[in-house]
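Pasting a structure here, questions to come.
Letters A, B, C and D mark the chains in the order given here, with residues in each chain numbered from 1 onward.
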Amino acid sequence: MRIEEKDLFKSYFKNLTPRERALFEGGITLGALFHQFIGTPVSLKNREILERAIEESMKNQPCVQDISVKIVGDLKEEEYIPLDGSMLDVKLKTEVENTVAYLRLKYIEDLNYPLMYVEKIEER
Amino acid sequence: MRIEEKDLFKSYFKNLTPRERALFEGGITLGALFHQFIGTPVSLKNREILERAIEESMKNQPCVQDISVKIVGDLKEEEYIPLDGSMLDVKLKTEVENTVAYLRLKYIEDLNYPLMYVEKIEER
Amino acid sequence: MRIEEKDLFKSYFKNLTPRERALFEGGITLGALFHQFIGTPVSLKNREILERAIEESMKNQPCVQDISVKIVGDLKEEEYIPLDGSMLDVKLKTEVENTVAYLRLKYIEDLNYPLMYVEKIEER
Amino acid sequence: MRIEEKDLFKSYFKNLTPRERALFEGGITLGALFHQFIGTPVSLKNREILERAIEESMKNQPCVQDISVKIVGDLKEEEYIPLDGSMLDVKLKTEVENTVAYLRLKYIEDLNYPLMYVEKIEER
């Protein structure tokens, strides 16, 4: 991005504090990840490379500082299934200036729901 | 959802103010919308029903109070294209207690980028 | 499409019989449908419009003559879930010259698998 | 898959010749690939791992014998874009008994269209 573009980009976020932006961008990335990759065929053979590829694609998103993706659940030999929402365990860190937000996507069995939430926010 | 589930669900968001949660959930919904529907075949014939179906599916998401989706750009007679990021103009309202956030997904030509940002936040 | 484009387009399929092309295009449309829409938030409120929007978007695909989409399974009041592979029941008709192929996407419980297959092929 | 499942699975395809099935399954896989991965954030940093992950996920699909995915087009330093249909160059081999089908997904500039077609079919 050229400098003018960076300035223009920034100008759209003047109304948010670093903390608010970290949460907003974190939400975008979790929503993006879930709805981009749900349905992908996954088996014991491609689970690991899919985890890494999801991580690397999401590192492109604004303000993402780090991300870890685990595809959980029992996969049987010789079978594949479409990736579903109960199989994703994601830890995401977004960073804006001195604020770091730790976000999570995790299937909560008692809710029968793949929940996206915020584990903690640190001001350094 | 049963009451115990509602309480459990809420407990995950105790660390966010209503304003922060409105932004977080708004981010999730914009990221979800983009990555769910990009690629959908669209033509003059199905543009409108696709707009409505995107709106109605996203109204299911937590804290979404209202949403308007426009698929913009020139579609030619007898042609269809995969929906792409430059074609979405989305206005989203999320609401948490007394806070309403107005969010936008819009292609910004000077950035060559489908930008997700916050237009305003109101405390009522 | 202009005439030259139509001719160019056709030239890529000279090596297939109408029957083969009907099956090939039918396969494309079933694969497209599944992987485009799996993950979409669905509830009692938006089930019907989502069914119609999927149908209309897929009618854009080459050689699709008709399509019916049913989202099956129990949806509870006040809940939504991401559309998954066990919930789709799709009947698709593709047509190439005098050949009509009737294709199906349906969850087969004994296989625990959303199967795409060909019900029949008619030469008229 | 247990033997009874394999038999049940096969029984759905009794009405297709090996050649027809190779084309049908090839179509499914091309449609699936396109609509699953379009929209994924891609940059110089994650292009290669995304190519490999797409290949490995699609190798799970029935009858896929081999696949090569190239993400083409100019990506600029420090920028990422959503993967779009003009950026995919895919070579897919499906195999059913003695038949091998060579399929292609490639953006055809004169059509302004990401075309899925069959390059050749070999009976061995």
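In this text, a contact is a pair of C-beta atoms (placed from the backbone, for glycine too) under 8 Å apart; a residue touches a chain by one contact, two chains touch by 3 or more.
Computed from a predicted model, the values in this text were never measured in an experiment.
Participant: Which neighbours does subunit C have in common with subunit D?
Facilitator: Of all the chains present, those in contact with both subunit C and subunit D are A, B.
Participant: With contacts defined as at the top, give the pair, A-D or A-C, that has more of them.
Facilitator: Between the chain pairs A-D and A-C, A-D carries more contacts.
Participant: Express in whole angstrom the distance between the two chain centres, defined as the mean CA positions of subunit A and subunit D.
Facilitator: That gives a centre separation of 26 Å.
Participant: Please work out the Cα centroid separation of subunit A and subunit C, and write it as a whole number of Å.
Facilitator: 30
Participant: Among the residues of subunit D, pick out those that touch two or more other chains and give their numbers.
Facilitator: In subunit D, residues 32, 34-36, 39 touch at least two other chains, as defined above.
Participant: Could you list, by residue number, the parts of subunit C that touch subunit D in their complex?
Facilitator: Touch residues, subunit C against subunit D: 5, 8-9, 12-13, 15-16, 19-20, 23-36, 108, 110-111, 113, 115-118, 120-121.
Participant: Using the touch rule from the top, collect the residues of subunit D that touch subunit A in their complex.
Facilitator: Within the complex, subunit D contacts subunit A at residues 1, 32, 36-37, 39-43, 45-46, 49-50, 52-54, 56-61, 78-80.
Participant: Sort out for me which residues of subunit C touch subunit A in the complex.
Facilitator: Those residues of subunit C that touch subunit A are 34-35, 38-39, 82, 84-85, 114.
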